Amino acid sequence: ADTIKVGILHSLSGTMAISETALKNVALMTIEEINAKGGVMGKKLEPVVVDPASNWPLFAEKARQLVAQDKVAAVFGCWTSVSRKSVNPVFKELNGLLFYPVQYEGEELEKNVFYTGAAPNQQAIPAVEYLMSAEGGSAKRFVLLGTDYVYPRTTNKILRAFLKSKGVADADIMEDYTPFGHSDYQTIIANIKKFASEGKKTAVISTINGDSNVPFYKELGNAGLKATDVPVVAFSVGEEELRGVDTKPLVGHLAAWNYFMTVKNPENTAFIKKYKDWAKKNGVPNADTVVTNDPMEATYVGIYMWKQAVEKAKSTDTDKVIAALGGQTFKAPSGFTLTMDKTNHHLHKPVFIGEVRADGQFDVVWKTKEPIRAQPWSPFIPGNEGKQGL
Amino acid sequence: MTETTELERRARAFAEAGGRENWEGAAATGHVATGELDLSHNVILYLDDITVSFDGFRALNKLSLTIDAGELRCIIGPNGAGKTTMMDVITGKTRPDEGKAFFGQTLDLTRMTEPEIAHAGIGRKFQKPTIFENHSAFENLELAMKADKRVRRTLFASLFDDERDRIADVLKQIRLDKFADRSAGLLSHGQKQWLEIGMLLMQEPKLLLLDEPVAGMTDDETERTAELFVSLAGKHSLMVVEHDMAFVEALGGKVTVLCEGSVLAEGDLATVQADSRVIEVYLGR
Amino acid sequence: MEPAMNRLLLRLALLFASLACLALPARAALDPALVAGFAGDFNSRVAAIEALGVEGSAEARALLDAVEAGNLGVAADKVVVIDGDAVKDAASGEALQIPADEVETITVNNRIRRALATAHAALALSAESAADRLAAANTLTENTSESLLPLFERTLAGEKDEAVRGVLSRAVARVNLGSADAAKRLKAAEALGESSDPAVKNMLAALLEKRGEGKDASWAEPDAEVRAAAEASIKAIDRRIATAQAVGTVFSGLSLGSILLLAALGLAITYGVMGIINMAHGELLMVGAYATFLVQGLFRSYLPAYLDWYVVAAIPVAFFAAALVGVAMERLVLRHLYGRPLESLLATWGLSLVLIQAARVVFGPQNLELANPGWMSGGMELAAGVVLPYNRIVIIGFAVFVLVLIWLMMQKTRLGMFVRAVTQNRPMAGCVGVPTARVDTLAFAIGSGVAGLGGLALSQIANVGPAMGQGYIVDAFMVVVLGGVGQLAGAVWAALGLGIVAKFLEGWAGAVIAKILVLVFIIVFIQKRPQGIFALKGRFADS
Amino acid sequence: MLKVDNLNQYYGGSHILRGLSFEVPVGKVTTLLGRNGVGKTTLLKTLMGLVPAASGTIHFGAQDITRAPSYNRVRAGIGYVPQGREIFPRLSVEENLLMGLATQPRGSSIPQRIFDMFPVLKQMMGRRGGDLSGGQQQQLAIGRALAFGPKLLILDEPTEGIQPSIIKDIERAIRSLAATGEMAILLVEQYYDFARALSDQYLVMERGEIVMRGEGANMDADGVREALAV
Amino acid sequence: MRTPFTVRLFQSMPKTGWVALAIFAVVACVGVPVAHLALPEGHALHLSAYTVSLLGKILCYMVVAVAMDLIWGYAGILSLGHGLFFALGGYAFGMYLMRQIGRDGSYQSDLPDFMVFLDWKELPWYWAGSDSFLWALFLAMALPGLVAFVFGYFAFRSRIKGVYFSIITQALTYAAMLLFFRNETGFGGNNGFTDFKRILGYSITSPEMRATLFALSALLLIACLVLGRYLVSSRFGRVLAAIRDAESRVMFIGYNPLHYKLFMWTLSAVLCGLAGALYVPQVGIINPSEMSPANSIEIAVWVAVGGRGTLVGAVLGAGIVNLAKSFFTVTVPEYWPFFLGFLFIAVTLYLPDGVVGLWRKLRARKGPDSAAAAPAATAAPVGEAAPETTVAKGATA
């Protein structure tokens, strides 16, 4: 064939559409860009878009269809952990290739999957270290707040162990969870207030899932919990999520990512412009206010890394591409040159801490000097000692 | 006139069939939690001081009434006197606030559920015909038929030939043989009345409660119905509520007049009709 | 007399200074030592900011503003201020020959912002309005330190306002609690009984700690009298906290209840009264919310001065937008389904899919931003940090308003009677002369419009996005059914009951378990009341 | 007043009304008799527009109402007492009566004569219609149809379930209504004596056809009773 | 005198029905395996793994639809919580599948991965026996059955009916979903169970296993249909329908509706559980979102699309909706909800009795002598044969 098919497996309907649609867009944009530059090994890329509709068994079905029926060379997709868990066996069975662009809880390594989002040590831990520093406000007490599912639970488990190692007593950690789609944060915020008012400097670490963030932040603003008193650092709130929030009362609350739209460097300027143009051209709703965010960048990076690996391997054969991917580097919009780790299929990524601005963007207040290597098997979870690569 | 005798014969045959214990183990069903019907004092229904009120309104007010085994009793009384409510109490649909209700000597109706009461032998025809609209007339009768009505049996139940014949008989009797397969919901009002009477016949209850059975029937049919009921009396006990005096007369039994929830007068029709209070509140001038 | 005089003089001086600032490019120099801290590490920067606040001169103010604007930086070991393209020495204000982009500006993060707030508060202690002073005093109390003591005492000497005095003297007491003078400590411990701050309670509790055992036992606070005072004060604080929190919980229950009610009221009409199993009800909420969003957009572009009132203007818009969608739904689809309630489930499920996707295609899949207007932002602070947010208070009021409206409509108008009659016996309603088709459309429009109002209210609390309705549909049905289908009063009790039960359970068992328990509660409750709270009694009920 | 011409009506496959033609003159009581299931109710439902006429025409006064929706027929002045009462169970008695005024201007009140005829309704104003006894409901249904003063009153077995004294009252009322000369009355009845006492004109229906018609006074002579008794 | 059981069983379905079922059985148990296993990939009749597992999944949905129809269509009880029973069956069997992973998980422990990770030191008591296939199979039926029985007993005893019942079933499944989302519940939280390896030691990804699971699903569906057909055409079915239409009347003739409803309700749940058990190995994942209220509503939607109150309808409905979904999400990924939404609306508006209703109508039009004659004959007016009836057909709506 004179084209190479690639699959895009992101929910365009259902609860996850809110986040995943933008990833589909960025993937299409990247593919167009690659095609405009002559494609991969002289062949054009042909995107195959399907909608797994936020339904996990459907993810597996669609993954199988992409790999087995459409014979795509690689799939870019998934957001939630459970969707990834659902498709993992399919990629393993059919020896396909998946690029997963979202920060996640780790505790996994699959030969057929490349993780371009952050592992906990590339996001959560630096963020907490920052909060504990003088600069971050020397927090002594922590509220670990999340939606009740695996990513928050795991992250908080890791953080608890981490905090303990830093000498934070159990009494100074409050852990609380809300159901999916929870929209009433009155009690929780009252509890946080109470916990925070007991004397020690308190910070909130939020792993609240997308949909609940708007009510959470609205309540936060109206209940008068200011960032200067009790800062909230979030791991799943980025530019896209903040589009639904009036951020004026939230200035100063934080997020930790490997990329922010406000990062200033030529790659990012170009990336943002490309995406805005693409959005306008393709009639994306509200095209003039589209934003870029971390998983979008990760998608972009993932596709390029795959392209480079295919060109290096001179083949789209899964095993060859996997072999070629290790050690690939790419100058990412984050301004850093990212490297695909040879052994663990994760990227070395820089970490940024950003504070929310009144316009819904983030001011980077802290960043790592170098990209950090991922630790998918967190050393803070017992039993992981010695686990490294595949 | 030959037809009348034919009907009579059929009704009588029917009444006899009712005595036959042809279903397996009525006693063994365990359905009748409170024991067997005991008619040793020849009283089948015994109501004593029954009071029912709805939001302060006394629909039944210390009502006492007994019906003998085999008796055909007519109940008349002004609209709203509490006749239907009384039947609700007897069949367990409404629980009385006070008072006793016994079926025979031993069965305390106020403590039994509707299916238990039905099983013990009380059948009822409602004032507004209530039948199974989506079932055919035939199926309506089949469901009503006296049988073991527990799930386990019903799952594997099928019709015996004689049961089938009996249904056919009743269908003919209620003049719905041509409508056997029609959905009951599509029947006319009068036909529904008949169907409900048919269901009651199939049920072979010991006590039949009939709430305005001839409403919406022609005079001719009213007569036939009266004959049918008369022929059922003796073997069965009947309590008939009607406003049609001609019908009540044709039935010929003892008449009880209810008014404002209690008994106003009792006696044969002529006496009652002569009672000035009855004329005042009920019959009119 | 004297303090007033002081303030007057101070203000005059300030005025003069700022005039001077405007008039003269050169200004009075600050002590370079004050500024030097900015060149140091993070902590010294924070200290520098606080020092500037205490200093309080116009130059200091200007410098603080520069920090806040991100214009203060360090270049060539000098602390400098960027002023347009020019770079000036921070202390002296001399222009320097350093290009602006070589200055490494000080990042303004939370810590800096907090220091700035303290500094500003210190400055504001001499503000004219008592409210400003009170706010400043409150801010300072939260971050007291020994260094602020002189400032407090200075201000207390001249302060007249009782509230401000109270706050400040408690702030002083907090500092004095650590004093070496037992008398001071005693006074402080007594004074703090007026507080309702858990932090104060912890400070007092620390005094009561016992170290060691038996004979060697020693108290953190050696003076028994002080301890007794502390104990009494703790009790007083506890009482205040407990009441405030109980009020807070009841309030959040009411608030949750009112939101459930608003989400369910429209359904109480379309389903409860008309009998249409409206699975697209959530999407009608969404339509109302999106309409609100559009109104906000219009105000932003055309009436920015009145932006704060967009929510009020959105009330009719949200109502009619949703009503219009409702009419379309009724005319095109539901009209053909009366008397087939189960089919309405299927059709409205389809409609819901279509509406969600339409919103996604037109507005995009993300959430939309709806800001609380100024008068709905923030909250009323009860004691002990319990805040009743204004948006929630407004929504409770709004729920009552909508409820009264519907109640009047259903019970007091002929339309209401017609609607009830049509649903009870459609053919017969026609046979007494009710134009059934029109009544249906109207009733459905009203129900949908009310759902739109619900959407408007939700937009002030929660997500506005294509799938927002899905989050409420289950709750809405539960409210309507728990109350008893067709019983508006039932829906009200159900919503409030669920809200308050949920909030009390949540305080006790956490949000997840609370939600599960609430559902179990519904299941058990229905066992007791198989027809909902306001069961229809009567002989027709079971037929 | 009402003129029906060659009316046909089917349920699914079966022909229920077969080319019916008749007139209901104003100021007279027209009774329609027939055994169970011959199609009387179906005819009335067709007249009210509850089931569409398959063919034929229905004129009310000068108006062709064959295809008019039910509520417009009521607007034109037809009052209907259906078989089986069909009251609104969850509306109060008062509201049920007010429903009878649906075509009247807002604020019209329930005429006193209804309470004169059915005193029990006055007593039970606040009770829900569905809680009434059968006979009370029937009275309510008649009261509701009379409330707005129809020009044509259609009654489907109105005496069903009503106590004798009130039947007599109804009889008197119908007669007096007819006697005003402003109202036409179409009465479907099984209760022969009642029908005969009221009829100015009768129709007998059988299997969807009108098989006998004549003056009310001749009913006995014409052998209507026997015709119904086959 | 009395027709024997086997005859009645046979008579419960028209001959064409039996023939169709037999053909279906042969295709599913012989045809599909051959097409999947024996035919080479390029062959025109070859069935890919994708197709087989997709169809297998849909077969499971069909069983659920039939179970739903039995309780909704025939007993008039609309359950908005059937997803729960399906998921419980799935979880019960999923536990077995997790145990079969053995030490092949990423932590190489005897415990399932998620337990290792959550620091569980041993299996919780309710996992006891989960390594036994038979126990798992038993549990897949018993668990949903028990839950349904207990829940149904109280609900029916309290005479909870109609929408009140529907809503509490919804509350039930919702509560269960939240419970299962919790990591502490011991079922893997949001991630649920995945990454299955074997059943009875055979690889779950092997084509043979896939074909076997498919055939088993087909057999289960056939069994459900036969059982369902028998039930609804027996007197039991008629009592059930009578309860649906007039529950209190049924009591007055001596049936206890509680027992009837409870039986059907529990049976329906058991069938769902079995379907769930077969579903999980075919799709490779079970997670609490299967219990989300929307999923349960969708089950009702399948049945409504196909035609409530006909078993074939339920089967067709589940098939059509799910195939349409699979098809549209690929061909028009961004607009498929429009297609599906309009499909639902169109069905309600134009096919009041679902797809089956349409089919019947068409058949009635094609052959008036066969299909239409029967109702026409029964619908004759009083005391008369039906000479004119065929002419008059369709005159009224």
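Here are some notes:
Letters A, B, C, D and E mark the chains in the order given here, with residues in each chain numbered from 1 onward.
By definition in this document, a residue touches a chain if its C-beta (ideal position, glycine included) is under 8 Å from a C-beta of that chain, and two chains touch if they have at least 3 such contacts.
These are the chains along with the protein names UniProt gives them: C = ABC transporter permease protein; D = ABC transporter ATP-binding protein; E = Probable ABC transporter, membrane spanning protein.
What you see is a predicted model, and the numbers here were worked out from it, not measured in a lab.
Put simply, the chain nearest the middle, going by average C-alpha positions, is E. Chain centres were defined as the mean of their Cα atoms; on that basis the chain farthest from chain D turns out to be A.
Averaging C-alpha coordinates per chain and comparing to chain B, the farthest chain turns out to be A.
Chain centres here are Cα averages; for chain C and chain E they lie 46 Å apart. Averaged C-alpha coordinates put the centre of chain B at 67 Å from the centre of chain C.
With centres defined as mean CA coordinates, chain D is found 74 Å away from chain A.
Chain D and chain E have CA centres that are 50 Å apart.
Residues of chain A in contact with two or more other chains: 12-13, 148, 179.
Taken residue by residue, chain E touches two or more other chains at 178, 181-182, 248, 334, 337, 379-380, 382-383, whereas all remaining positions touch fewer.
The residues of chain C that reach two or more other chains are 356-357, 361, 470, 512, 515, 538-539, listed in rising order. Across the complex, chain C is touched by residues 12-15, 17-18, 21-22, 134-137, 148, 176-179, 181-184, 186-188, 190-191, 193-194, 197-199, 211, 214-215, 218-219, 221-224, 227-229, 231, 240-241, 243-246, 248-249, 252, 254, 284-286, 355, 360, 363, 365-366 of chain A. Those residues of chain C whose C-beta lies close enough to touch chain D in the complex are 414, 417-418, 420-421, 424-425, 427-437, 486, 536, 538-541.
Taken together, the chain D residues at the contact with chain B in this complex read 11, 35-38, 41, 83-85, 120, 127, 131-136, 138-139, 157, 160-169, 190-192, 225, 228-230.
Across the interface of their complex, chain A is touched by residues 41-43, 107-111, 113-114, 117, 142, 197-199, 202-203, 245, 248-249, 252, 255-256, 259, 356-357, 360-372, 377-379, 381, 384-387, 389-392, 460-467, 470-471, 502-503, 506-507, 510-512, 515 of chain C. For chain D in complex with chain C, the residues that touch the partner chain are 48-50, 69-71, 74-75, 80, 82, 86-91, 95, 98-100, 102-103, 106, 128, 130-131, 144-145, 148.
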